[in-house]
Structures are given as structure tokens and as C-alpha cells.
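Following this line, the structures themselves.
Each of the next two complexes has chain A plus one other chain: chain B in the first, chain C in the second.
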Partner chain A sequence: MIDFDTGLVISILASTLRRTVPLLLAATGGAFSMRSGVIDLGLEGMMLAGSFFSVMGAWMTGSPWMGLLFGVVFGIVFSMLHAVMHINYKVNGSISGMAVNLLAAAMTPLLLTIVYGLSGKSEIVTSFSNFDPDWLMGIPFLGPILGSQNVIFFIAMALVIISWIFMFKTTLGLRMRMVGENPHAASAVGLNVKAYKYFGVAMSGALAGLGGAYLSLGQMGMFVKDMTAGRGYIAVVINAFGRYNPFGALAGSAFFGFFDALQTIFQSVFPSQLVMMTPYVVTILVIVFGLKGGRSPAGTGKHVEE
Partner chain B sequence: MRLDNLKSSKYSNMRSSVVNSFFALVFSLVLGAVFIWVTGYSPFETYKAIFGLSFSTIKGFALTLSQATPLMFTGIAFALAYKVKMINTGAEGQLYAGAMAAALVGAYVTNLPGIVHIPLALLVAFIAGGIIAGLVAIARVYTGASEIILTLMLNNVIILFTSYLANGPLKPEGSGVGQTERIADSARLMRLVPQTQLTIALLIVIAVAIIIQFMLDRTVFGYELKVTGNNRRAAEVAGINVSKISILTFALSGAIAGMGGAAMVLGVNYRFIEGFSSGYGFAGISIAALAAYSPFGVIPAAFLIGILRAGTITLSRTTSIPIEFVDVIQVLVIIFVAAPTMIRQILNIFKRITGKKKKNEIAGGEVQ
Partner chain C sequence: MVEIVRMEKITKIYPGTVALDKVDFFLNEGEILSLLGENGAGKSTLMKILYGLTDPTSGDVYYHGEKINFRRPVDAIEKGICMVHQHFMLVPAFTVTENIIAGSEPGKNGFVDMRRARKEVRDLISQFKFNIDPDTKVENLSVGEQQRVEILKVLYRKADVIILDEPTAVLTPQEVDDLFVILRRLRAEGKSITIITHKLKETIALADRVMILRDGKLIRDDVDPSKVSTNQLSEMMVGREVDLQERRPAKNIGDVSLHVEGLTVEEDGKKKVNNVSLDVKAGEILGIAGVEGNGQTQLIEALTGLRRVDSMELLLNGEKITGASDGFLRAGIAHVPEDRLSMGLVKEMSIKENMILGYHREDDCCDRRGVLKRKEINDKGNRLKDQFLVKAPNVDAKIDELSGGNQQKVVIARAFSHNPKAIIIAHPTRGVDIGAMEYIHQQMIELRDKGAAILLISADLDEVKTLSDRLLIMFEGEIVSETMPGELTDIEMGLLMTGGHSMIEGE
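Let's look at the complex of A and B:
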């Protein structure tokens, strides 16, 4: 049986935070994409690309920071496929988003074989260590929870705040939201609609790539085939659940992160496959019953003719 | 006169989509050549080996067709749902559900003659896939939930749940891997070529393609389905029950994918084995795109991809060209088919280059 004591609560909460980070980064990225009027269905592929290329970057350069940069850059590269197909060639955003996901799912195992000659997983690379100075660990309860997070956790928290300020407190953010709500009006007042959409998609690629890098480089120090396991799709739902707001994404990600964290505890009691189903079942329940009344930006998927 | 125009426009549409698909495949193979080149092989020799396999021996040809069979099921499934502008990314899960259903009927319903046992197993798989997709469509129509996310999440749930069954309550004693009891001999599909995996499943899926194509072109339901897909609002105004049509079409799409799973169990593996599908569900998207979303066009499209798969499987035994190579080609096909303007632009660049060459030659001739 499971004993509920402080130690267990601390480990559940610490694990919740670790599982929140990749979802949060991807969902915040998705908020940029959706606010600029482009559907964020490609998050899964951008995340997967980020998790593969961050490990490859760290493997090539020996530096986890360079790895992180690789993850972000290749997240953007994959997001550009979505952007070019959807914004320039006016392909349905769901199709172009899925194209990104399928391309990443097909290319990462292929590159794994070509680069490492291994199938299934990469070699182990230097990873980030936990940020646990004595003063932090000394704080009761909170100390050990925050002390078991690495530096990307703190970067992610800062990015959520910066993203919120950008979207809701700056002129550029206001313009981006205007493009997302009504591209025709935005175009009429002289805004470059395509540029804002490209920016939104590139931000989603960068943040989702960072989220993917957290999964591989930040947690395991290696890449495993299909390691995002649908987290990008869950992030799409979290983003809608959080009303395309970074703080909403934070709340949603913590909710899903908690269910994800519970898995590890219940796997000793129930068959692992049944326990692993929980995040997906919760996602289905949220989509069907939890998104009523929400609406996506009115201009989603609309194009402006020049 | 007007009828003639209509016919010729339909014909030219078909021709332009065939041209489009052809160049999409060619460009994908050219880009794929880069990957072959990176692994250190000659792209030309590799493609020659891949395409040669299917046409040099009967066994190679049978392998191609048996590889193509499950892809035909999932391809038709995607193409059909796309006719009402719904995206069935759940073929993978529906395939697993159908496979599990057929494996249960095949193993535990016994003492039936083959002529009853096989259709029964197929029917149960059809129903299993249909119910799952039908529920997704109901959620889509009444709550507006994205069918893409729903089916993708359900894929994970179904794959994990069937894996639990195959590793837990349904696991035969002494089995080392996750699988179910062997099906009865009466449930096995007849082989078309001895000692290969090519079975009458191929004939079944061709029949399915013909029936679906006939349904689309010649029945009231098919007509209403196409009107719904082309313009939902116009369909509503015309008094078509758009919700009913969408739900039924999506359920039928899932049911066909479910039959694909049954075909794998009854014809190839003779039991449910966890992880048996090597991405058949997602390959269906590529095949439907290559077929320009025509259910009957899926048959030749799946055959083309089947050539690639069969050739690469055989080649991967002796070389280090991995089987994932075909997955990348499949995605490239989706990308090119989705953006026909991209194909036209690339062709224009080619024309300009070759055009310039000709001009240069003429210019050169004048100098001489």
C-alpha cells in the first residue's frame, strides 16, 4: 500500500513541477501561435524535434547550453514548415500542423539510425544538474521541492511571465492579438499580417522546442524514440483550457502535470498500461466536457489577400 | 452540351490530381534520395533495388501486395472521413481495436465453419472500429471537440488498453510476449500465393473500395455526404441532416480501419500481438493524399507505397538503410500533395532552367 507522509507529498509535488515544465512551455508557445491566428496543432512535432536536436547539439558540442540552443533553433525550423504551408500556401492549418508532427515522428528515428547507428535511443550526454544551493534547501517544505528542479524550470517560469507581459501589456502583443482576431481589420490599419503570423508560429516552435529539450536533455540526458508521447497534443488542449493565456497555460499544465506525476506512484499498485492511460483519459474528458464556453481567436485560419 | 462540359471538367480535375500526385511522389523520392546519400549508398542503385524487388519475383510481388493491404484499409478510412472534411487521425487506434475484437472472436468463438467464422470476426472488428469512431464524431458534432486531438488521445488509450489485455487477462500461459491465444483454423484467411502473407484480405479491401466508391457516386447517402463536405451550410439549407451524415461517415471510416486490424490478425499474425502495427494508421493519411482522397484511387496509391515498404524491408536486412526511410517519404508526399501550388512553382523553376538551356543552345548555334 501507499503511505501518505510529508516525504511522499514532497516527492509528488516535485515530480508534478517536473512534469509541468514541458507542457507549460509548449502550451505557452501554442498561445503565441493561436493569438496570431494560426492553429497550434504542430506542437507535438516541434517538441519532438526540440528533444532530438537538443541532445544532438549537446552530443556534438559537449555543452548542454548549446544543446538547449539547438533544441530551440530546430523547434523554430520545424515550425517554419507549418508556417510556410499554412500562411503562404494556404494549406488547412490542421493538415500542415499534422505534417510537422508526422515529419518529426518519421525523421527523428531515421536520424537516430543515421547519426548514432542506434535504433530507439541516443547516447547519453551531459545534462543539467539541479539548482539546489544550501539557502534554498534550507527552506522547509518548499526548499526540497524547488531544489529538485533544474535551471530550465526557472527559465520556464520567467518565460511565462515575459510572454504574458508581451501579449497583454505591449503594443506589439496587442497588434499580434488583433491579427489573430481580425486579420482583415489588422491589414486595413497597415499591419503586416503575415509577419505577425510568422512571429507567432516561430515563438511556438521556439518554446515547444525548449519544452522538448527539457524532456530529453533536461531530464534523461538522452533521446528516446517518440519520447514526447502525445504531450504536444495535451499542450494544445491545455492551451484551449487556459484560454490562450500563459497564466492559464500554467494552471492547466500544473493540473495535467499532477495527473502525470500520480502515475509513477500508482504504477506499483496497478498494471502499468492502465496507469499510463490516465493523462490521455483526462485529456479526453477535458476536451469533451471542460472546454465549453471557450472560443479560439475569431480570425484563426483566415488569410488576407494582398 | 452542358453535360459534355461537366464531364470534361470532371475528367480534367481527375487528370490534374493524377499529375499532382505523380509529381508529389517524384519530388518526395528525390528528397528521400538525400537521406540515402547521407547513409553512404548510391540513391540510384538503392531505388533500383527497391523497385526491382516487387517486379522480379512472384514472392516479391506478393510481399508488396501484402504490405499494401493494411494500408488500403486505413487509406480508404482517411479518404472517406475527409469527404465530409473530417480528419480521422485515429485509424491506428481503430486498427488495434478491430484487431483485438477479431482476435477474440477468432480464438474464443469456435466450432464454426470458416464461411461463417471469418465474416463474423470481420463484422465484430467492423463494429468495434465503428463504435469508437462514432463516439468521437458524436463528441465532435455536439460539443465541438477537435476530432484530431480526440482520436490521437484515443489511439494512446486503445493501444495501452489492448496491450494491458494482451499482457494480463488474455495472455496465453507460458507466453513471453504480450499476445492473445491463437485463433482457430476456421478463422484464418485463405492465402492467394502459398508461403506468403498475401491472403484474400486483398480481395476484401478491393471490394470495400468499390462499394465505398459506388456509395459515393451512385447513392443518395453518398450524394448528401459530398454536399455536406463541400459546403456544410448549403447542405443544411437543402435539408440534409448534416450531423447524422457526419457521424455515420466518420463511424464508417473507423469501421473500415477496424477491418484492417482484423485482416492483420486473421491473415498474417493469427493472434493479437502488442505493437503489431508499424504505423499503418498514419501511412493511411499519406496514401489517401496520394490518391487525391478517392477511395478507389487508394488501391493503386497503397500499391506504390507498398513497393517502397516491401523493398526497404528487404533492403534493410542487408544494408543500413533503415525502414523509417519510407515514413519520411510518406510525410513528404502529404506535404507536396497538400500544397499543389508548391509543385507548380518547382515545375516552373525547372521549366525556366531547361527553357534557358534551350535558348542558350539556340544562341550558341547562331554564333557558330
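Let's look at the complex of A and C:
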């Protein structure tokens, strides 16, 4: 059995934070996409691309920072597929999003074989170490929790704040939200609707790519086939649950991260197959009970004739 | 008077049609010009050219004496020419302030200065006495208030020339009056205003000058509204005599056909319809006047089986009717809904498909196995299209491609052609032009004279007054008066519609 002592609580909370980060990054990215009026169903693929290419970048350059950059850039590249199909060619956003997911799921194992000659997983690359200076570790309780996080965790927290400020305090944020709510109205006051949509989707690609990089490069130092395991889809739900607000995404991700963390710890106690279902069961429960009263931006999927 | 806008010999050719044929236009500073014409006369096209939404095929536009060529509406906005669109360009989830400033926000370094924005908006609101709260969300505003937000948007952008496209189409009579007060106030501030409209009374009440277009040609541009009658105006607009005011009372009113007793509908804990009883006799039009939102929608939905009611007894020719809307239809209660596009038609579907919607299971459309009879439907569509004068290339044309008047004719054709015993008709001529309005009124009277019981609900006072054989007024879910048309003056009706019945009764 498990003893409920401080050590266990710390380890659950530390694990919660680690599991929050990739969901949080993807969901915050999704908030950009949805707020600009483009559905965020491509998050899974963008995340997977980010997790593969970040490892490849680190492998090629020897630098985890370059790896991170690769993850972000390729997240954007994959998001642009979605953007071009949906924004320029008016393909239904759910379909173009799924196309991204399918492409990433098919392409990453292929590249694994081509680049590494391996199937299933990549070679191990240099990764980020935990940010654990003595002064931080010295803080009781909080110290060991934060001390077992790497630098991407702190970047993610900063990004949540920055994203919120961007969306709700800046001119561009207001305009982006206007595009997402009513593209016709936005166009009527002279806004370039397509540009804002492209920006929103690119941000979703960048942040989902970063989230993917955290999973591979940030946690394991390698890429494993299908390693996102539906986190991109869960992020879509979290984003709706968090009302397309970065802080809402933070709350939602922490909620999911907590159940995900519990899952790993209780695997030794309950049958692991049952326990591993937890995050997905929670997702379904959230979809059924947590999305009531929320509504997505009114202009989602609408185009303006120019 | 100083001329601010001049357009010379504007021609606009769309593939297959000449929308505008060498039309000259001018607008003076500080005047309200009514640009009058039926749907398709070219008035919107002319204004779109001025506003930069579309290019003329030929012709020149001058603004303050300077030749201009706006590529996009934004160019026009920058120069002070703004348009208030018929379909509002607002974000319901934003506050009034956010809606007004978005796209031209005050602030620096990329941040929005909400404090300054709110103050500027508040100042504008008080300068023009608009009486709306800058911090409420637009979704909580009435249609009239939303329109004021649109006007504020335009004022915030320092417009000198304001074009309003069919500004009264969606407003209640009270809101129309409020709008006119606002527009006169804007004129007093030196703004130049053009309203695109096909409403004659409003033109006469508001405009300083009337310009009339018909079939893309300029008919007159110097009509003084104080010197003409609505009949003269409609003759200029339509090209023939039209009389919408002539009453044709019923001659053969029969027994009670539709009997409603004790109808109560609760919604959000409020009684939207409170214990209403009414009878409509065969061969009679019973009109219900009232400000929108006083229970009319709930009444209509209850009488057509679209809504569950808290209590109602409904008899049609003595037979009790219950159940869902298809049961009501089959029993012979037809429905011309309030909003043709959201409830009456499927705009992506063709004319012939829309002609049978709701009646598609009947034997003439559908065989026993549930397969639609294509040929019969096609023939029926063609027959109704000809009979009800629906202007369209063919019956396969999508509803989307038709004008509002022709869309409404499709709804009318579907409902009227099934020889209903009773029919609930709501706002039958909202947003349709005079020609179509005259035609629809005529059809209603024919249907009545064939013995149908007609319940007419309309926000258009003139319409209810002209058509009804008996007139009810509804206020806050109750019937507050029953009279014969002509017994009450407009002022008395207005009072009753706004809850002043006790004042009149007390006289």
C-alpha cells in the first residue's frame, strides 16, 4: 500500500506539474487558434511534430535549446498546413485539423526509420536538467516541487501570463478576438481577417510544438512513436473547459495533470489498465459535465469574402 | 447649401444585368437624403460604390470637390464616409465600448487604453443622448440599442457622411421614432445622412430630400417630401399606382373556426402569455398588434404546435388539436413564421424543395415506401412558382439567390396552396418591397374570402389596421383591447401597446 506522507504529496504535486506543462502549452496555443476563429483540432499533430523535430534538432546540433527551437518551428510548419487548407481554401477546419494529425502520426515513424534507422523510438539526446539551485530547494515543501521542474516549466508559466495579457490587454489581442467572434464586423472596420487567423493558428502551432518538445526532449530525452498519446485532443477539451482563456487553460491542465499524476502512482495498487484510463475518463466526464454554458467564439469557421 | 458628395454618370454592369445606368447623385452637407427604390432598383449598389465596396463600371465620384476612388471601405471610413449596415456588424460577446473602439483603439505601445476608451465612448453617448451603458455586452441589448451602437461606431470614427442601409427594417415602431430623433440630432450636428429605404411614410417623416431609383435608373433626385403624398411616391417608385391603404373588409364571416382558450406559456419563470383566449372565425382576419417581445412569439409557437404550453385548449372547427407541429399542420393549421430565413425556409435548398417542406409526406409528393416523387415535386414547384409570381430563373434555384420578397412568396405559396382551415401569419411583409407587399396582402384577402380563419400578427401598425377585420392588442402576454379597426387612433393604439390601457379606460 501507499503511505500518505509529505514525500508522497510532494511527488504527486511535482508529477502533476510535469504533466500539466504539455497540456497547458497546447491548450494555450489552442486558445490563440480558437480566439482567432479557427478550430484547434490539429493540436495533436502539431504536438507530435514538435516532439519529434525537437529531438531531431537536438540530435543534429547537440543543443537542447536548438532542439526546442526546432520543435516550435515545426509546430508552426504543421499548423500552416491546417491554416492554408482552412483559411485560404476554406476546407472545414475540423477536417484540415485532422489532416495535420494524420500526417504527423504517419510521418514521424517514417522519419524515425529514415533518420535514425530505428523503429519505435529515437536515440537519446542531451536534454534539459532540472532547475534546482540551492536557494530554491531550501524552501520547504514548494522547493522540491519546483526544483524537479526544468526550464520549460518556467517558460510555460511565463507564456500563460504573456498570452493572457496579449489577448485581453493589447490592441492586437482585441482585434484577434474580434476576428474570431465576427469576421465580417472585423473586416468592416478594416482588419485583415486572414492575417489574424494565420497568426492565431501559427501561435497554436508554436505552443503545441513547444508542448510536444517538453514531452520528448524535456522529459525523456528521446522521441517515442505516438508519444503524445491523445494529449493534443485532451488539450482541445481543456481549452473549451477553460473558456479559451490562458488562465482557464492553466486551471484545466492542472486538473488533468493531477489525474494523470495519480494514475502513475496508483498503477502499483490497482490494475494498471484501469488506472491508465483515468485521464481519458476524466476527459469524457469533463465533456459531459464541464462544457455547459461555455460557448466558443461565435465566428469560428466563418470566412469573409474579399 | 454646400455639396459634399457628387457622383456622375455612374454605371454598374453585373454579368447579365445593368444594375445602374448613368445615375447622377449628390448629397448636401447637413441634409437627410432618402434614397428610395424597390429591392433591386440599384440603391444599395450605388451606395456600395460610394463606400468602396464595389467599383463602378464607369462614372466618377467626387468628395468635397475632389475626385476619389476608394478601393476598400477602410479608405472611405478614413475620409469620413461610413455605413451602418442592415445586418449589424457587431460582436455580441463584446461590450459596447469594445465594439465601438475595435479597429481604432486608443492607447499606446500596442496596449488598449480602456479608461480613455470608456471615457470617449461615454462622452459620445452623452453628447448624442443615446442612453446606453458602455459596459454592457451587446448581446444584452435590444435591436434598437444595437443599432445605436452601430451609429456610435460610425461617430467614433468621425464620420461626416453616414449611409444607413434599410435602418428601420428590423425596428419596432417605437424604435423607429427613437432612431429618427437621433438622426435629426446628427443632422443638427452637421452630419450628412443618406438612408437607403423603400418605406414611404418614414421617408416623408424624416427626409429633407428624396431621390428615387427604379430599375437602375434615376427617376427624380429633387423630391420635396413635404409636398408629396405616399401614393405619389409609391407611383414614382413602382412605376404604377399602388394602394396599400385601401381596406377590403370581409363580407362572409362564418362560425368560429379556431378557438383558443386559456393559453398560458411560461418561460424563464415568467408568464410570457397569460391566460389568453381568442376566437378566429372562418373568413375573417383577426389582427394582433403589439410591440415585439410582448408574447407574440410564444403565442405563435403555441398555436402552431412548436412549443409546449402550460395550458391551452385549442379547437379547430370543434375538434381538439394537440401534439407536435406536424399534427397541427396536418390538421390544417398553416404557419407563416416570423423569420422566414430561420424558421420558414432552408436557404441552401431549392425553391421546389422549400415549396413542399412540412408537407413532403403527403401523397402528391411521396409514395408509400417513402420515396419522393421527383417529377410531381418539380411540376408542383413550377405551378406554385407561376401562380404566386415568384421571380426566379427556375425552381431549382436556391432560396439564397432570391430577394426577400420572393423568399416570402415561397413561404406564402407553400402555406396558402394547401388550403388551410386556419393560418397563423406573422410579419408577412417584413423586409419586402411594396410590389411584393401589395401582392401578399392581396393573397391574404383571397385566402380569407375562400373561408380560411387568419390570425395576423404584425409589428407594422398600418398592416394590421388595413387587413384586419377585428383587432386585438397584446401587451405583456395579455390581450388588452379588442376593437374594430378604425375605432382607435394611432396614438391610442400606441398607448395600449405600451401598457397605457388603464389610462384610456379611466377616461
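Quick note on the criterion: the second predicted complex is superposed on the first by the 306 of 306 C-alpha atoms of A that agree within 3 Å, B and C clash if a C-alpha of one lies under 4 Å from a C-alpha of the other, contacts with A are read in each partner's own complex, and residues count from 1 in each chain.
Methods note: a residue touches a chain if its C-beta (ideal position, glycine included) is under 8 Å from a C-beta of that chain, and two chains touch if they have at least 3 such contacts.
This one's a predicted model, so the numbers in the text were calculated from it and none came from an experiment.
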item: First, second, both or neither for A:Ala106, with chain B first and chain C second; value: first
item: Superposition-derived comparison: chain B or chain C, residues of chain A touched; value: B
item: Touching partner for A:Leu191 - first (chain B), second (chain C), both, neither; value: second
item: Partner chain(s) touched by A:Pro297 [first = chain B, second = chain C, both, neither]; value: second
item: Which of chain B and chain C A:Trp135 touches, first, second, both or neither; value: neither
item: First, second, both or neither for A:Pro271, with chain B first and chain C second; value: first
item: Touched partner set for A:Asn182, first chain B, second chain C, both or neither; value: second
item: Sites on chain A touched by chain C in the complex; value: 169-172, 174-175, 177-178, 181-182, 184-186, 188-191, 297-298
item: Of chain A, residues touching chain B in the complex; value: 41, 81, 85, 89, 91-92, 94-96, 98-99, 102-103, 105-107, 109-110, 113-114, 117, 119, 229-230, 233-234, 236-237, 271, 273-274, 276-277, 280-281, 283-284, 287-289, 291-292
item: Touch list for chain C against partner chain A, complex; value: 72-74, 77, 85, 89-94, 98-99, 101-105, 107, 110-112, 153
item: Residue ranges of chain B in contact with chain A within the complex; value: 35, 38-39, 87, 89, 139, 143-146, 148-150, 152-154, 156-157, 160-161, 163-164, 167-168, 282, 285, 320, 322, 324-325, 327-328, 330-332, 334-335, 338-339, 341-342
